[in-house]
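Okay, so subunit A shows up in both of these, paired with subunit B first and subunit C after.
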Partner chain A sequence: MSSTVSTQPPVSVAGSAAGAAPRRRTRPGGPRRNLAAAAFLLPAAALVAVVLLVPFGATVYRSLLTDDLQPVFGGLSAYAKLLDDPALSLSLLNTLLWMAGTLLLPVGFGLAVAVMTNAQKWGRIARLAVVLPYAISGSAVAVIWGYMLRSDGAVNQMLANLGLESWAHDWLLEDPLNTFGMIMANTWQATGVAVILFLVGLQTIPPETVEAAAIDGADGWVRFRHIVLPQLRPVTYVVVGISLANALRTFDVIWVMTQGGPARTSETLALSMYRESFLLQRPGVGSAIAVVLTLIVLASSWLYLRGQGKAAR
Partner chain B sequence: MVIGSMKRLLVGGVAVTLAVGLAACGGGGDSGGGAQSVSEVTLYSDNPQWKDGFEKVSVDLKKLTGGTGITPLSIPSTSSYEQVIRSSITTPKTADIVKWWQGYRLQDLARTGSLTDLTEVWDEAEKKGWVNPGLKDQFTYKGKVYGLPLSQSNWVVYYNKKLFAQLGLTPPKTWDEFLAACEKLKGAGAAPLWTGQTDGWTSFIPFEEFLSKSDPQFYQDVTSGKASYTDEKAKKALAVWKEMIDKGYTSKTDIKFLDTPAQLKAGKLAMIPLGTWFNGTLSGAGLKPGEDYGAFLWPSINPSAPKSVIVESGVFAIPSAAPHKDAAIKVMKSWMDPAVQATWTEFLGDTSANPTVISKDPVLAEIAAEVKAMNPTLLTRYWEASPPALVEGNVQDLGKFMLKPEEADSVLADMQKRAETEWAAWRKAGG
Partner chain C sequence: MKGAVMKKGKQPRSVGRVARDVTVIGMALLWLVPTWLLVVNALTSVETYTGSPRWVPDGFGFFDNLVAAWDAGDFGQATANSLGYAFVCAAAAVLVAAGAAFAVAVMPVRRPALWFWLIYTGTLLPLQVFVRPLFSASAELDLYDSWTGLAIVYTAICVPFAFFVIRNYLATVPREITEAALLDGASWWRVFYSVHLPLAKPAMAAAFIFQFVWVWNELLFGISLTFSPTARPIMAALADLSSGYSRVPPPVVLAAALAVSVPTVALFFAFQRLFVSSMRTNI
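On to the complex of A and B.
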């Protein structure tokens, strides 16, 4: 703990700067200065427009065309198919499961591991063990977990050795167990980044606030609940944001472990988009799924940023 | 002074970046251009284990073409491979030769105009007796040939020879013998028959075999859209399958097909129903053909039904946008040459589509002799026997059946519903 405190001068400066509100902002310069600022912004704005907005526009346009060899304007027919197909409804439900699972598990475990190991001497080793899987690619994680979860895999073998055969399942074949299993695999990998971010957050907390609480008689849990946790709010937003984005774009783990099967029961919207576009050759429906997925991402990001704005105020 | 040097640094940095960028573009142009004579054409496949075979064949091809060989590249997942080929085939970034599938799969690509007409190459090979004329239909769309066969695979049942010998079993000739063997193998603690679905396509294997071994004509009718999946004959085929699942004759369905050789070797698995193209994979896994494993043709479920065998041939096609199209055509003209086919099929451990090339592999020789003696109806594999979107959807439904065999009727109803939609779409698109 003491070494942590002694390595934080820049952090405490930043902390006191934030606490010195209301600060007077330096006045912006004249139009020339604004023009210069615009020139600096332009490359980034142009890049976003070219690589993000133009393809998105093209995707929206494609979603309004039919899936014939010579596509014609089909209105919202691709979106109607999306609602009709039970496989796609299940895919939407799975996507929501992934969102909930990824928000609860990596964020929760990440916070717990960071808080519990931050002040411990052996914390570095424990953290290394948790952070290490983050360095592995999603496909490799999926291969490892695939061997663990398949019906003759490590998990069932371990249960059998412990005399718990009745707990054994066909983890990747039963719905929704397969989705839960894959969320666990993803958690194993994604917790690492949450730990790193929460550790950074913990180290930005001015030690005097914690010490003051300790002098006032606040014990471990009360201190964590009322002193540490509120000060972790900014970093929590970052972790939640990253986890949300990761959950919505999850593809590799699912594709390698189940290919969305059996019978499309473990598909998420990212997989459905791929299947419809490239395997079933329905670019219209595939584009419609992409648009819906984008809307979900935008809506959740908006809600989240709005919440963050309120909290900041 | 400092600003001046920063400016110089910035300008220098931009210049370097531009130069690197341009060099990269230039490099791409060179590799794609065909100004000088081409020594290698690229060949994409979905099987990384074929790399050594292609390299051996390349040596033969260079002799025959006057210096043009092949550089193999692979994407080791059928689904990913399909996606990459479909999305790149109209761009100059596509390969010179792509491995594809016969029947409706080839037609599906050909009708988009993304393949080169190879009718002349086929006719030349046929004239020389290098290819069985009976296969031509499987490579043709609207009168033009768009591919050459990679091999000619018969679909068989591989079996663990040592395990069979231990239990006093011989390859079954009748359905009753087959079921009796399953019972005995199960009693010995092995999973009798591998059936899988995790690969995304393998769920059709038991379906096509149980259906075609009950009534080959019905199999042809249902796959060509002339008969219904809800017909009693289809229900009976699923009933046979359900009985096998219920009796524990089938393996767990989450074993991938590339994991089966290890399971066969360990004696955990007794039989693997796959094409003769898998022979090379089995021997590559350290199993000795004729000693560790053998193969037999599926017995008929209905003894009065005509004998049938499922056949399959991979395809080599040339994209219209191939960067070295002329060189690729030159390579394809020599592909069916007996010298090339001998090297290729010896490596592959499969039967050549060139009837003049005879395999030395004991398992293949035995199967070839059995096929010759039986004179069966040759049926197109399910994967290529109907429009791709229909097959892709139905394999998902069959995967569901494997887990919930009691839902056979609703699975067949879903398959029929999809058949109606997809056949209508195929025909509307001019198929």
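On to the complex of A and C.
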């Protein structure tokens, strides 16, 4: 489970959020009842506010200050570094590559595996193979894939055995191959979540709709394209949103495989934030990166929160 | 009109079906390759390891490798630390979250949506946005590089999602149960303790396991807020061991990676239904 997925809880699936909450007319409630409610709410609210929300505010504030010895108000100058600094522009580009790779691979494979194994008798076993890596931490995934992609690793060994030495590369040392390699590692881990979610979506499709199409003579592909796929749209929003949000936050896979190197070529924003804040001692720039990352993650989350609103209907 | 004559469960073996089956088997095998390599090479003893990956098992050196990893990476202490983090933080977060979920879903609080979002927002923000201020704050409060400091952070991070899972569950409990208990003169505390807490057990168990796994797998805060073995979590130890590939031969690192994955893989398979059903209720 990620981590990634590291990452937050593997699937921070937002369900029927506040909007869909059962409407209970709240009676104004006397002071005593409010006191009781406060006792129940306070520990959680205080923990979240003090440890998460205040630091969030502090990061936003810090991103507006400069990284001089005596930090002064710098407006958006730290944000401008994202475009000026070549290492950070590359990090931004890599982040976009991760987003595109996530849309293409875990989401695409997840849909394919779910659809192809849904009706198969032995589909469960095949699915298990794909879902298994989801239970492994991002750090362990990175160790495994580092072992495969090292210059004397399993991939180059395999290529040599197949007589394809010319295809061998220093996968983790060449840009942009290192980013592609880590997107593959992430795909290996993250596809399982997409499979599970798509399966849940497939099971909500009324079988009559598919049977009716079969009786009308629609073959497998047509049934999938015109009957199944449209009905999967709500769950697709959820899968895309969750996969993107998790991919954007991925830290452990990259940190353990390359530490963002060599020469910062495989960093994403999730890594650059750490390097700028802690290793380069530029907390202003680090905070600005964290804020930009937050905006992108929130946009992705909005996609699935909204999708869930539709799914609930 | 092939479909019209097809009976359920007895479909002709078409080219499409064969192609589909081959694709599925191919993908499953492809997905198993990294796992296979991990297991085989983690089992290979360092003496017989030639420097390039093995594809078939040869001898059994797993425990020797594990001992080597334990010595090189101080994994004993790291494992104890992480077991503590995972149990304590997940349990504390679930209890705290259950109280808040009860208040928002059952009690007539004012503006439940506001409280919901106040707590839930924590799980939408990327962790990177909290790290630096928490680092500075823990340094000032003398909590940097301490077990307690990291445990407080982990607990807080686990609260929003646990709250969300339990709240969704409690929202399905019929209102009449609460009203009956209140009419009988039970206090809110009594209603929570005797009615809703027992009812919410499945949701609390699911949230606990999710958070346990999350804490066990966490790396970013582990390396940002600690550095000494007394507080360092297990994934930080694995990351350190892995970056010393030159020092430690690959079978040792792989054995460690395999060992630290065992608890989460076991939990996942033991509670597979729970994982799937909790996703289902949340879509």
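The working rule: the second predicted complex is superposed on the first by the 240 of 313 C-alpha atoms of A that agree within 3 Å, B and C clash if a C-alpha of one lies under 4 Å from a C-alpha of the other, contacts with A are read in each partner's own complex, and residues count from 1 in each chain.
By our rule, contacts are C-beta pairs under 8 Å (C-beta built on N, C-alpha and C of every residue); 3 or more make two chains touch, one makes a residue touch a chain.
Just so we're clear, the structure is a prediction, and the values are computed from it rather than from any experiment.
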Check the residue A:163 against both partner chains and state whether it touches subunit B (first), subunit C (second), both, or neither. neither
Per the contact definition in the header, classify A:68: touching subunit B only (first), subunit C only (second), both, or neither. first
For A:261, using the defined touch cut-off, is the partner it touches subunit B, subunit C, both, or neither? Pick first, second, both or neither. first
Using the superposition on chain A described above, determine whether A:219 touches subunit B (first), subunit C (second), both, or neither. second
When both complexes are superposed, which of subunit B and subunit C contacts more residues belonging to subunit A? C
Who does A:173 touch here: subunit B (first), subunit C (second), both, or neither? first
Identify the partner contact of A:287: answer first if only subunit B is touched, second if only subunit C is, both if each is, neither if none is. second
Just checking: does A:37 make contact with subunit B only, subunit C only, both, or neither of them? Give me first, second, both or neither. second
Regarding the shared-chain residue A:132, is it in contact with subunit B (first), subunit C (second), both, or neither? second
Using the superposition described at the top, list the residues of subunit A that contact subunit B and also contact subunit C. 150, 152, 259, 274, 278
What does subunit C use to touch subunit A in their complex? 1-4, 6, 14, 16, 20-21, 23-25, 27-29, 31-32, 34-35, 37-38, 41, 51-53, 96-97, 99-100, 102-105, 107-110, 112-113, 115-135, 137, 152-153, 155-161, 163-164, 168, 171, 175, 187-189, 192, 210-211, 213-214, 216-220, 223-224, 235, 238-239, 242-243, 245, 250, 253-254, 256-258, 260-261, 264-265, 267-269, 275-276, 278-283
Given the complex, residues on subunit A that touch subunit B span 67-69, 87, 150-152, 170, 172-174, 258-259, 261-265, 274-275, 278-282
Residues on subunit A engaged by subunit C in the complex (per definition of touch): 1-6, 8-19, 21-22, 24, 26-29, 33-34, 36-37, 39-41, 43-45, 47-56, 58-59, 62, 109, 112-113, 116-117, 120, 123, 125-126, 129-130, 132-140, 142-148, 150, 152-154, 157, 188, 191, 196-197, 200-201, 214-221, 235, 238, 245, 248-249, 251-252, 255-256, 259, 269-270, 273-274, 277-278, 283, 286-287, 289-291, 293-294, 297-298, 301, 308, 311
Would you mind writing out the residues of subunit B in touch with subunit A in their complex? 79, 82-83, 86-87, 108, 111-112, 197-200, 252-255, 388-389, 392-393, 396-397, 399-400, 402-403, 425, 428-430
